[in-house]
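Here subunit A shows up in two complexes: once beside subunit B, once beside subunit C.
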Partner chain A sequence: MKYLRLVVANLGRHKLRTVLTILSVALALFLFASLRSVVTTLAATAQFGGARRLVTLNATGLVFPLPLAYGNRIKALPGVTGLSWANWFGGRYGDGNTFFANFAVDPESYLAIYPEIVLPADQKQAFFQDRTGALIGERLISRYGWKLGQNVTLQGTIFPGDWTFTIRGVYTPTDPAIGDDVLIFHHEYFDERIGRAGIAGWYIVEIDDASHAAAIAKSIDDVFRNSSSPTKTGTEREFQASFATMWGNVSFLMSTIGLAVVFAILLVTANAMMMSARERTGEIAVLKTIGFSDRLLFGLVMVEAGALALTGAVLGLGAAKLLYPAINFNGAGFLPGFKVTTSTLVVGLLVALGLMLASGLVPALRAARLPVVQALRKVE
Partner chain B sequence: MALVEIRDVHKSFQREEQRIEVFTGLTLDIDAGSFTALMGPSGSGKSTLLNLVAGLDRPTRGVVRVGGAEVSTMSASQLAAWRARNIGFVFQSFNLLPVLTAYQNVELPLLLTNLSGKDRVERVKIALDVVGLSDRADHYPRQLSGGQEQRTAIARAIVADPTLILLDEPTGQLDAKSSQEVLSLLQRLNNEFNKTIIIVTHDAHAAERAKSTLHLEKGDLIEKRAVAAAR
Partner chain C sequence: MIPIVYNVRSVVQRPVSTALTALGVGLVVAVFIGMLALANGFRAALARTGSETNAMVLRKGADSELSSGLGRDVASIIAADPHVATGSDGRPLVSPEVYVLIPLAKSFDTTQIANVVVRGISDQAWQVRQNVKITAGQRPTSGRAEVCVGSRLTQRFPHTVIGQTLRFGGRDWSVVCNFTAAGSAFESEIWGENEQFMPVFRGEVFQSITFRLKDPAAFEEAQRALQDDKRMTVDVRRESDFYAQQSQLLSNILSFLAVMITGIMAVGAVFGAINTMYAAIASRAPEIGVLLTLGFKPWTVLVSFLAESAFIALIGGFLGCLFALPLNGIVTSTTNWSSFSEIAFSFRVTPLLLLVGVAFAVVMGIVGGFFPALRAARLQVVQALR
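Then we have the complex of A and B:
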């Protein structure tokens, strides 16, 4: 502790440079934590899915619907214990700058198949009974200040027109991957408004035993193999993972950018540390003359590097940890449950530690190995 | 009794292709409680001798002993610890740390000791009082005159109560008045506090304040003379 004043004094020598170095470390670790959180959120989303839930899509692709009539035939298959369906709606709210997921579902079967969606019983009943009612995630309440019973109008993009819903319930997801910023409404109302097209975007199939998943999926697809809309059935986890793999290269890109940013900042910090140590060659020689040992000087320079790296890390990681919940960030709905995890903070601190070692090592070794007589000759 | 014993010391430097012999068998003693001025032309080996005595440099051959400790054979870490306890060093260009106040500069050698914070405060106050700078403790070097800076450097050199104070051209950058103040201070340290002082100087007036002078030329001791005047 008695050397702390010396460390602080040295850091205060070029205040602007110190502040800029700390800010660059903070920015690097903020970006690192943000990009890594995108990757971990995507990975967590890909892990979501009940073991006993299958998803049946149009084999051509997600954007192509399936006939609503397929439902009864799927339900009749052996091993199928429950069924629901949903349709992506893609409506926009307000000026359209903020986005949240919204889709039409069959209310009772959907909530039965997704016990992760939790809401009070009276709100659930109110939602079931109102054909134009909507159920919303709790985050939408805090984001828009909506209230129960309030009418909310979405502008249809895929299905044009103004769509007005009455908020009948607010749910809390027990699994963050469900997303707490989703609006769901009655498929029946949706179907009526689009002229009884009788379509479903996808089916969610509940089965009796997870070990039967492959066989049941095959039997579903076999039923529709020669129809006009053949199906592709897989586990819900595969379904989620297919979304995540759409982000696959993005994840790789983000990891790479994260590392590149940290490396770039490492060079900046190392440069600042080396400049600082080089400017003090004479002073280091004087301290050696006074009796400061090589090891002590090595330690002092490393502590300086550590103070810069750790202060930057605390600022950057702290900002990432606090900022995203404060602004309810969810990547425009694409990153439900986005959060900076403890593991990201730990990895961030380790990165800061690595930054300290990498940026401090060369100047610290230089200080420790400085030949005092030659250095003094230059000063004198 | 000899505090510093130099025995058959050889010292050479390699400068590019050329080997420069500074000392070729220098032998001399400096007594405890003495105030010795080291004089001689540039390149005569004065500063090199000071560095050898301070353990900042090692002889190519021979023995340097200070207070019975053989400096020339100590490891780097032993030398650092030994210097912290036994040597006070004053430079021509003061070499105070600009980011520290006079007080903090003087305190530096005490950081290497096991003294408590309270004891360090006490010792720094005494050292600053001895050099007459108690009222400048909170000033940074840039706020001090050259003479005040050098007196602060002397306070730093004496604060840990070293056996030996070494000064390399301490008045080289000072005006006449400040030089006199510094030299009077050194005399006081020698007379009142019985500090052994070795001062490297080109200045004959400065040398006159010492009790004895050593003249070096091309690494050889050509004259050792007691100075009777100035006391």
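Then we have the complex of A and C:
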């Protein structure tokens, strides 16, 4: 411990250099944590979904609806304990520059099948009772400054016209993957306005036991195999995962950039360490002369490098951890539940440790191996 | 002025420090160019899709082909419109089209599903779309279950080679040809006859109608005439405008990311440059003293050290360009969230982008070198020479 003051004094000699190096390490680890969090958030979204929920879609593709009449036939199958349905609406709000998801659902069954959607009981009742009522995620309240009981008009893109809804409830999702920037409204009202077309975009099927998922999914698809609209059923998790894969190789891209960032900063830190060590050649020789061992000098340089890397890491990782929740970041709706996980923090610290080793090793070895006589000859 | 050779030689004197700083700048420039090349490639692919000479009709209020729907009556009204060009055979150059997305499993990993565009076209489409060229096989015959597959799909999806059978929409379709479309989004599509696709997918409805303008300059007039027609409620856009708008969301996201990420990285690199330059100036104080004694004005010293910093960054800029160049032409794919369809496109590293990258590097060098250079210029001769 008695050498700590020496390390601190050394770091304080070029205050500006020390500060700049720490800041660049902090920036690098902030970026690293942000990029890695994009990857982990996408992966977490793909993991979302109750194991006991299946999703039934039209086998022809996402954009094709299913007959509303399928509901009763699915409900009658063994192992099915609950059923709800929804239809994508895709309405535009305001000038169309900001977008949020909106779809029609069957209110009672939908909220029953998604216990993750939490709202006060009186708001829930108010929503059930108002045919043109809507339920919105809490983020929309802060984004648009809406109030309970206010009317909101969406312009239909797929289903033309102006659609006005009354906000009857505001929900908080307990699972971030549900999304808190969504507007849902009555499927019954939707169906009536589009002329009783009797369509559902997708069904959500609750089953008795997660281990029966594959068998029940198959039995649903078997029922409709030879109908006009064959179905494709899978677990909700598979459904979410297929959305995550739509990003293509975004994860790969983020990881590559993360590596480049870390490497670039490694160079900056290594350079700073080497400059410091070079300037102190004479001093190190003096220390050796008065009896500092090679090993001790090696350790001192490494500790100095470690202090730079770790201080920077704590600043950068801490900033990432605090900043994103503070600004309620969700990547414009693309990254619901964006979170800097503990594993990211741990990996970030490991990166800092690596940074210390890589930037300190050469100067530390050089200090340890410095021949005293030659070094002192240079001193004026 | 202090000759630039002085700076170049000084830089070469401390190779490790120069190399590390330059490499740091180089990585920033490489990421910068790489990310913009991605945004650029995406934008270019969609920009090449639409033509200035074509107009596109969607149902009023629809923001993509997916959300649009037009009846046969609209198609006949447009086919009879005087603003539509006529082909060599005397028929109007109009293509009423069916547009749907189908899930297709990828070749390399069949659990990865992509939403691929299936476009049902009229016989005229091959003339309306001038950028489309059939590279192998024969056009689908009218009345048969045949499709033509875009060149970007053949490597990434199974059953897309000529002679094979592709199954979608509950039917088998034989692949009879491949086409290219100048790197545009059409190359990620499957084309077939609209009359074949109608009964299989959404019934008697088209999603869009594209026609060649008789006089491209008179687009506004055609737009007004069609939109004011009381028999239908449609939006008319230039095809090029439509696709530019389709690329907006994603290319904005990509450009924003590029600027954010490289902005933060650049600050780190500038810090590196500041460190390097301060160290360089500290160790060369006597030299600077000599320069000042010889009569060089302080501002020439400032310029000289700025030039030195810019020179190191310039090396970094060139390194960055070297790192980023191999990206050019690499094909990647993502979902265009505006249309929900998957599109394949190539990274596009353009000369302009390289130039911007080098300029970015030089700016980093000058910003990083400014305060150290200022210190050099303000050195007191007596102290410096001591």
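Basically, the second predicted complex is superposed on the first by the 320 of 380 C-alpha atoms of A that agree within 3 Å, B and C clash if a C-alpha of one lies under 4 Å from a C-alpha of the other, contacts with A are read in each partner's own complex, and residues count from 1 in each chain.
The rule is simple: contacts are C-beta pairs under 8 Å (C-beta built on N, C-alpha and C of every residue); 3 or more make two chains touch, one makes a residue touch a chain.
Bear in mind the structure is a predicted one, so any value in this text is a computation, not a measurement.
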Contacts of A:Asn10 with subunit B and subunit C, given as first, second, both or neither: first
Which of subunit B and subunit C A:Phe292 touches, first, second, both or neither: first
Most subunit A residues touched (candidates subunit B, subunit C): C
Contacts of A:Val372 with subunit B and subunit C, given as first, second, both or neither: first
Touching partner for A:Ala305 - first (subunit B), second (subunit C), both, neither: neither
Partner chain in contact with A:Leu29 - subunit B first, subunit C second, else both or neither: neither
Which of subunit B and subunit C A:Ala260 touches, first, second, both or neither: second
Residues of subunit A at both interfaces, subunit B in one complex, subunit C in the other: none
Touching residues (chain side subunit C, partner subunit A) in the complex: 16-17, 20-21, 23-24, 27-28, 30-31, 34-35, 38, 59-64, 66-67, 100-103, 111-115, 168-170, 201-202, 233, 253, 261, 264-265, 267-269, 271-272, 274-276, 278-279, 282-283, 332-335, 337, 340, 342
Subunit A residues touching subunit B - in the complex, by the definition given at the top: 2-3, 5-6, 9-10, 12-13, 282-283, 286-296, 372-373, 376, 379-380
Subunit C-touching residues of subunit A, taken from the complex the two chains share: 14, 16-17, 20-21, 23-24, 27-28, 30-31, 35, 59-64, 90, 92, 96, 155-158, 160, 230, 232, 242, 245-250, 253, 257, 260-261, 263-265, 267-268, 270-272, 274-275, 279, 332, 334
Touching residues (chain side subunit B, partner subunit A) in the complex: 51, 54, 56-57, 76-77, 80-85, 87, 89, 91-93, 95, 97-100, 104, 108-109, 111-112, 117, 156, 168
